[in-house]
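There's a structure below that I have some questions on.
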Amino acid sequence: MINVGVLGATGAVGQRFVQLLAEHPLFHLKTLTASDRSAGRLYRDVVNWRLDVPFPKNAGNITVSRTDVDSLKDVDLVFSALPAEIAGKIETECAEAGIGVCSNAATHRMEPDIPLVIPELNPDHLGLIDVQRDRGRDGFIVTNPNCSTIVMCMSFAPIRQFSFTDVRVATLQAISGAGFAGIPAMTIFDNVVPYIGSEEEKMERETQKIMGSLDGNSIRPAPFSVSACCHRVPVIDGHTMSLWLDIKEPVETIREAFMNYSPPIRDLPSQPPFSVQFMTEQDRPQPRLDRMRGNGMTVSVGRLREGIRYVAMGHNTIRGAAGASVLNAELIHSRKYL
Amino acid sequence: MINVGVLGATGAVGQRFVQLLAEHPLFHLKTLTASDRSAGRLYRDVVNWRLDVPFPKNAGNITVSRTDVDSLKDVDLVFSALPAEIAGKIETECAEAGIGVCSNAATHRMEPDIPLVIPELNPDHLGLIDVQRDRGRDGFIVTNPNCSTIVMCMSFAPIRQFSFTDVRVATLQAISGAGFAGIPAMTIFDNVVPYIGSEEEKMERETQKIMGSLDGNSIRPAPFSVSACCHRVPVIDGHTMSLWLDIKEPVETIREAFMNYSPPIRDLPSQPPFSVQFMTEQDRPQPRLDRMRGNGMTVSVGRLREGIRYVAMGHNTIRGAAGASVLNAELIHSRKYL
Amino acid sequence: MINVGVLGATGAVGQRFVQLLAEHPLFHLKTLTASDRSAGRLYRDVVNWRLDVPFPKNAGNITVSRTDVDSLKDVDLVFSALPAEIAGKIETECAEAGIGVCSNAATHRMEPDIPLVIPELNPDHLGLIDVQRDRGRDGFIVTNPNCSTIVMCMSFAPIRQFSFTDVRVATLQAISGAGFAGIPAMTIFDNVVPYIGSEEEKMERETQKIMGSLDGNSIRPAPFSVSACCHRVPVIDGHTMSLWLDIKEPVETIREAFMNYSPPIRDLPSQPPFSVQFMTEQDRPQPRLDRMRGNGMTVSVGRLREGIRYVAMGHNTIRGAAGASVLNAELIHSRKYL
Amino acid sequence: MINVGVLGATGAVGQRFVQLLAEHPLFHLKTLTASDRSAGRLYRDVVNWRLDVPFPKNAGNITVSRTDVDSLKDVDLVFSALPAEIAGKIETECAEAGIGVCSNAATHRMEPDIPLVIPELNPDHLGLIDVQRDRGRDGFIVTNPNCSTIVMCMSFAPIRQFSFTDVRVATLQAISGAGFAGIPAMTIFDNVVPYIGSEEEKMERETQKIMGSLDGNSIRPAPFSVSACCHRVPVIDGHTMSLWLDIKEPVETIREAFMNYSPPIRDLPSQPPFSVQFMTEQDRPQPRLDRMRGNGMTVSVGRLREGIRYVAMGHNTIRGAAGASVLNAELIHSRKYL
């Protein structure tokens, strides 16, 4: 068992990390960090547990630490649920102190030698860990993409061989992506907000890196044009999106590719039976009914039509955030980087 | 004052007609029809008024008639809120009995000599009324498009001179479009349904007719390719949509066109101050905040970006249904067809 | 293993029964019935699975039967999820054909020799099974109360020794209680409906029977006065209610009773670790966060104050419907009535 | 016309004040105050208008002032939408500087010589203005009760002659009461929160003062016992509540009182045609359908039953906040205190 910690363990993504790691077969949850005013108290006394799954009792007995590298002496790996504006410094310090960092924060995602990884899509990008080590780091930083980018790119995995380069995507995103207090009820109730700060840019830019290829010490971006329109809708969990791809092959060929997909990774503990589930019902996927497929790690695809058009949907705080980082860590472990 | 009736006056769209016509400057609400079991009773005793505006007392005192042409002897014009499956026969009978019909039903929309009209876009299509009369009808049928088609096409009005032909549109549609009982709460609560029966086909097909040109006795369809992805979202009123258009002109040129738009019609009673309102805030339009602009007759546009991408939003049961029919009737009246 | 069936297996409560019985340690799910038009087809082909838990594959392979007693030759026990208007006849026929019936339907609840049972409260009422048998039935009918009655009465279990007789209760009830299509979204969205047909009467009347005592061949009703005000609110699952009880003891005494409660039943498979969970946070219980405690079988209680006032909340389609029937069946089994 | 100002004009209640005062027949909106960083800019440039009614253009051209007494030289009356924690000081300063203050803030409500007024219930309590003036104030402070207190007490107005003293009330309160950003969507979505800080205490305490009688220089509290259970529900506007009253008279007598109610005030501009509307439909009032009756100033009552039980509902930010203050000001004006 590898001792691990969670940076920023009391927020929405932090609580998901704690849930996913509380009984993990490879990782032993040892350290939880939060703000200075919570440090020194038991996790169960400082967290306002807001997930609709039972509170993990063992985690509750961990004494919360300050979010600094000195608090992390006992762990080999940390998961970062920190907000982007404070994640940068502490994540770098961890990596230089010999700790592996699997981060959900946006800060380091686009740096040249930081892998931006979805295990089903670009596991080989972990090669950048060697680049980080060559320049003297004992630890490393590995990031996962933004939640909507992950759901979209997962839907590309079964069909990337069709060499599309031009994507239009309209998202209908859940409120949990903004954290427990991110979106006032008065803002989103009986409403749609057709704007999410930086989200469209992230989808457009991160996709080029994820779909790109490892070329020596950096990633050569894929020549992808992603044009995104992002909307917030009154849904708790689960990002839905409709996509248009410039694929010339007939719908039937694409359908077979979705149905016969087998991911290039195997036997990671958090990997669901189906990384991408193709649904044939005419009105699916739907976030409330399908977001928990594969314990929240499956991306569901449906409504494939001429265009090529289809709908993709995935759980934004599991597959799109905490679960993405944990799966990355499992991949890193299986590739002997730990 | 012209005596008018409403066919199917107790449903969601029927109630909107009654609201809009109760104090209309041109039309006098004389006849309300409903199912046989309601006939002979006062409207106020049979309607379950579900709009959040006060019940119009005068309309309440009208004795409800059966939905047949004999009940319509006193009116020159009827508004049809009937479901598509029963609208066809009675609307035709009315037209042949010398009554003008402004219909929100889909049944006759695509027939060659039936105008499918949005006053700001194709008022000249009313010329088909003459075609109908030439073949012996004393009355006529004029239809308005489907709710999402109307909102989309209204957003084209200020920019149609840019000669785009390729449109992709993702809609986020309100629940009221399906009637008072159309969508169970268990279906749409905390959810998105990425499918609305026939909606995508209507948007694709109706647009070609609306944007087409009157050519002798029929409409030559515009060479429009509309590729639509329709989603139902948990919003009461107001259809939001994101669109991509193949326009080469720079964003700034398009913005000016939106801001300087002046519609080709004037002074119709239901016409709002702004048929299309261009919003500059980065997160607008939003259905809850903007659907009642222009008493529900304004279509709001915003988030214009490279692509060309933008967001359009309009009230689906006012501008997208009952209000559309009433505005058509006002146009018909101003063009002396009544 | 006892072979069991579900009557009305495709509706909201029927699906919950299938979910709860699919991998049950005592009961083997053998027969599923539905309407005539579904009979003869596989369950997976006729059900529109709407629960947010995975579809149980084994149940999917059962060929659906017609809802009549001839279809139930292979089972010893059936669970009835039938609507009240058709449950009466078939349930009686089953009981007379030697089959045990655990029914969620209201039809037989108030009949003199039919037990209306909540295992934690009145397990001895099962004695009425003997009364039924004495009059010649080989099988039996046992019913569970209405969903809101169950949540309320469960909250009485730890404190019934304080001999209150006067209860006022205001409920805030979830939409799932009305079935998948029971409540239109337009009715309950951004709204409260302060009326649920027959609900207040059920709470008032059923409670007297449940809290009553077995006296020879029938139940002597408890002298309970329940005055209920029932409201439907926009919540998917979980009935919340505030109660006032005429208890003279101090709040602290009541709190200790809630915290030290131990139910009179033991080791039934569906019984949760805590039948009644007392919460000390000032703003709990809440339906979204607490309804799945004890796999939906725990009733949560909080906000105990002078009055005596408190809040109770439980899952209406699990503890309040299908789970209630299954727990009753487990109790019946443990008492050797099967 | 009397020149008036609004203290705290950019928040949820402040915007309602601006809406209600923008075209008022007695009051001329002259001054709008906000935080220091907004001072000196036009109201239209600092307010994020979130009401679903059109922005009042004239108000938009007012230059926002700092929230201090020096900014209020031009007005004779101010409406206070300030949060309780800062309202106290500035309101007192205004009153001492000769300005009348109609305040929605809780700060001064329970002070002995400050009237807590609902015009239909206790207009004579304005006599305390004389008490304030006797101790040297040129201006005055008049407050309106908390939103849920107002809705409840308004429902007492037609029946107070029945001399009840024991009230139990369960509220289902809308989210707008907590301001635009007060309640995160993640908190209240698909949920009920059975706790609102200080709300139950306010309902219990304020009612005694409102229903009390002016006795010399202070109010003798009415011997009212109000036992409240307050719940937040996912509704935008409109507080619904169920009440039990210890009235011995038969239901029919109470019904007649509700139906024949005529308020003791007349012809105030914001007074609705019916201060209390008694509804006979079995499922009304409902917040979405009934909150805008009387432009949001009517309290609707229904479901009167043995108990005595009934349901009351009113718009919490109009009748329950800004509209309450404006109506108080109109009463003050009609009684020549201005």
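Each chain gets a letter, A, B, C and D, in the order it is written, and its residues are counted from 1.
What we mean here is this: a residue touches a chain if its C-beta (ideal position, glycine included) is under 8 Å from a C-beta of that chain, and two chains touch if they have at least 3 such contacts.
Predicted model, so just to flag it, every value in this text is computed and none were measured.
Looking at which of B-C and A-C shares more C-beta pairs in contact, the answer is the pair B-C. When chain centres are set by their Cα atoms, the one at the greatest distance from chain A is D.
With centres defined as mean CA coordinates, chain B is found 43 Å away from chain A.
Chain B and chain C have Cα centroids separated by 47 Å.
Mean C-alpha positions place chain A and chain C at a centre distance of 40 Å.
Across the assembly, chain C contributes 50, 189-190, 234, 236, 288-289 as residues in contact with two or more other chains.
Here chain D touches chain B in the complex through residues 50, 52-54, 189-190, 288-289, 291-293, going by the rule given at the top.
Touching chain C in their complex are the following residues of chain D: 168, 170, 172, 189-195, 227, 229, 231, 233-236, 238, 240, 242, 244, 282-289, 302-303, 307, 309, 311, 313. On the side of chain C, the complex with chain B involves touching residues 12, 50, 175-176, 179-190, 234, 236.
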